[in-house]
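One chain, chain A, appears in both complexes that follow, with chain B as partner in the first and chain C in the second.
Let's look at the complex of A and B:
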């Protein structure tokens, strides 16, 4: 049985004239990181809202087809059950802070308080998360006074502390500087290593190439292509669909077109470096 | 990692000051009970005495500096406003000055002083509450007596919203200033600069509300489980309960005496 599965899913927002998602079918396996990419306004965030259970319960609208999370249809989940199974982190670091807590430590504990976790366990779990995410220096700070990058890390910490198996992460770095982006991807890497199932919407395509096991490309509500990351990005025709391709994948494609292909199609810097070292950089550059 | 800080959550939240450690609801009880005296003893001298008592309480709590600024700002606006409204419009037999609708009488001035000093007491209660009670401690105490969690969240969010709106106003005003728009000067210049801020400010707040709802949903806010608290307060000690009861009885006695006599 799939860990999560979508069967013929179509969704239309209330009062909308077009479907936001059209006949989506996919199954997700446990412990994998899925990159979701595509043009702006193509339906990526709607897809995240669906997987988080916000559709149709929060937004309303017409949902047809079936969405199974851990074998249970999404309409049968209680909102609180979903919160303890699926974590959700989104773009805006400023609205993810509750605004009612005086310290970062208390902010991270909020979800656990809501779940009714006992105080001693809260302290233990929050302490562990703070260590994992290397934000020990922030715990006494007021969360409302943090920078965007720091707030986003606290938002991650708050969700990680809830120990959800699935994480839906919607453009977590869109408002962050390069340092903040790098910090967030370090956390995502850590979560992947912990065996979490992650659905990640991200425009920084080189990072998706580096971290995602599989990629889903959504355009105008349709899943136009999907599969293993290396396979999806080796199809440069995607550029015609308005989808960015990693620079290294374009380089691999150029090499192929010039009759000097890499042994295997490289999509990340480390893969390309490995290939170049293998063949000898001088030979490649001839 | 600051273990002392983390361990502080294993014990009730206490400060070094006895008044700050009084249960928030008990503090409110004492402040409001003192304020009630003004209703039953209608003498401005009583109101001034109670206001002075609030200043002493702020000193006792080690919060005088936090108290006096906001108190003067609030009291010096509201108090004189009530005085002027009563003093120049209130009818009376002992006319002092009359011009058109302006009608200054001795009765109006007396009543104005009475109302202005009552307002000082009200401002004193409000400011004293804000400087001696942490909002989170108040909501914790409310939840302990059965107030639903979502109500206490609303109270805390509303208080935070005021701070957020103030911060956002500053950001928008700063960005306007950087574009060369005059934001400093007389009251008309300030109003002219402030009015265009309102729509982005409130539209931003409304759009942020949806995201905040989703963020809170992700934090299991709608969980059916009874929630727990990381921060907690000590149960009110016996002496504190006796003190509150004594204050209440004393004030009740004074009110009864005042009404009877």
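Let's look at the complex of A and C:
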């Protein structure tokens, strides 16, 4: 039995003229990181809403097919039960902040209070996540007066503090500086190492290439390509589908076209470095 | 014709000092990227340029006029600021109304306004959304709605606060093309972004900020290949540049074509 599974899932929003998701089938295994990519409007967020159980309960509309989470069909889950199993980081950090709390500390504690976590444990968890996200200096600040990137860190912290088994994360680094972005990917990687199952929507393709175990490409509601990250990105034709390709994959392709291919097609910087240094030493030996 | 920022510091009403001693000039028709760590003070700084913030010290001059002597509404005819969060900017019921709103007190005829609106919608790729409610359309398109407002108004200076956030490759390409067109028309574009490839591809001048201050104002190549600046402002080289450095190239490579040449020479 797979950890999460979609069987022939098709979904249409109320009043919409087209299906937002079209006959999607996929198996998700526990403890893996899945990158979800594709052009805007393709259905990535809809896919996240579905996996979080917001479809159809919150949005209405027509859902056919089945979605199993830990073996149980999503329509059979209690919403409170889902809330404590799946953490959802929304696409827009400006809407994730509740707006009703006076300090960043209380904002992060809010979700834990709702889950009924004990006060002492709340304090401990909040203290840990603010450290992890390097926002200790902001805990007394008003969440509504933060910079965009600071808000996004707070939104991320509030959800990982909940320590759910499954995380659905929709574009978590859109407002972050490059250093902050790589910090977030490090944290996501760490969460995966702890056994969490993670669905991650992200446009920063270089990082998806480096961290994701599998990649799903969604276009106009269809799962047009999926599979092991290295295989998906070896196909540079994807560029024609509105999907960005890692610069390193394009470099690998350029090398091939120049008749000097890497021994294995590199999609990450460290793979390319290894190939180049190897080539360099071969040259010297000859 | 230029925006001049002279020894400017700014503190929020709660006393928090967010900018310290900023000095720079944006010439008419110039294109500049502003990069730097979250919370460095980038948004705060550009809000000083259109009068949303008034300096607590120093002066901001727009074409010679001190922003302290003008209202935001007056300055906005010259300096358009597109908010980081589109929802802070949008308040009309349809996209078209949002674009037309800024012409409320304008002397243009209805026909001229319509031509401007249509052209702005075309350049930003939002024609299909003109009659929709702004909050029914996706964030990435909503951002283009807020940009279209100032494209239509034809402000000589345009400030884009993180327009690349959440954009897919089509959106990024559309932004690049839009900036080219605006530059051809002689308009200045100041863009805050965390997308380093976008910076390398589209800007020759880059301002890097860290801890309330400007720490560098230089070419993209010099900024990306100065590791102290990169570290202090929490930015990174484009990945191709990082790879070039790791394999020992000293050529300040930023682009794939350059690395390819280096590897295949």
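Please note the rule applied: the second predicted complex is superposed on the first by the 265 of 286 C-alpha atoms of A that agree within 3 Å, B and C clash if a C-alpha of one lies under 4 Å from a C-alpha of the other, contacts with A are read in each partner's own complex, and residues count from 1 in each chain.
Here is the rule we use: a contact is a pair of C-beta atoms (placed from the backbone, for glycine too) under 8 Å apart; a residue touches a chain by one contact, two chains touch by 3 or more.
Values in this document were obtained by computation on a predicted structure and should not be read as measured data.
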> chain B versus chain C on the shared chain A, clash or fit?
Replying inline: clash
> Taking the superposition as given, does A:116 touch the first partner, chain B, the second, chain C, both, or neither?
Replying inline: first
> Touching A:94, do we find chain B (first), chain C (second), both, or neither?
Replying inline: both
> Touching A:178, do we find chain B (first), chain C (second), both, or neither?
Replying inline: second
> Touch check for A:153: first (chain B), second (chain C), both, or neither?
Replying inline: second
> Looking at the overlay, does A:225 come into contact with chain B only (first), chain C only (second), both, or neither?
Replying inline: neither
> Counting only touches as set out at the top, which of chain B and chain C does A:80 meet: first, second, both, neither?
Replying inline: first
>> Quick one: is A:106 in contact with chain B, with chain C, with both, or with neither? Answer first, second, both or neither.
In response: first
>> Contact-wise, after the overlay, does A:269 reach chain B, chain C, both or neither (first, second, both, neither)?
In response: second
> Touching chain B and also chain C: which chain A residues?
Replying inline: 92, 94-95
>> List the residues on chain A that touch chain B in their complex, please.
In response: 52, 54, 58, 78-80, 83-84, 87-90, 92, 94-102, 105-106, 109-120, 122-123, 126-127, 130-131, 136, 139-140, 144, 155, 158-159, 162
> Across the complex, what residues on chain C touch chain A?
Replying inline: 12, 14, 35-39, 43, 84-85, 87, 138-141, 162, 165-171, 194, 196-197, 233-236, 238-240, 242-243, 246-247, 256, 259-260, 263-264
>> So in the complex, the part of chain A that touches chain C is made up of which residues?
In response: 38-41, 91-92, 94-95, 145-150, 153, 171, 174-182, 203, 206, 239, 242-244, 246-248, 250-251, 254-255, 258, 260, 269, 272-273, 276-277, 280
>> Using the touch definition from the top, list the residues of chain B that touch chain A in their complex.
In response: 1-2, 5-6, 9-10, 134-136, 149, 153, 156-157, 160-161, 163-164, 208, 211-232
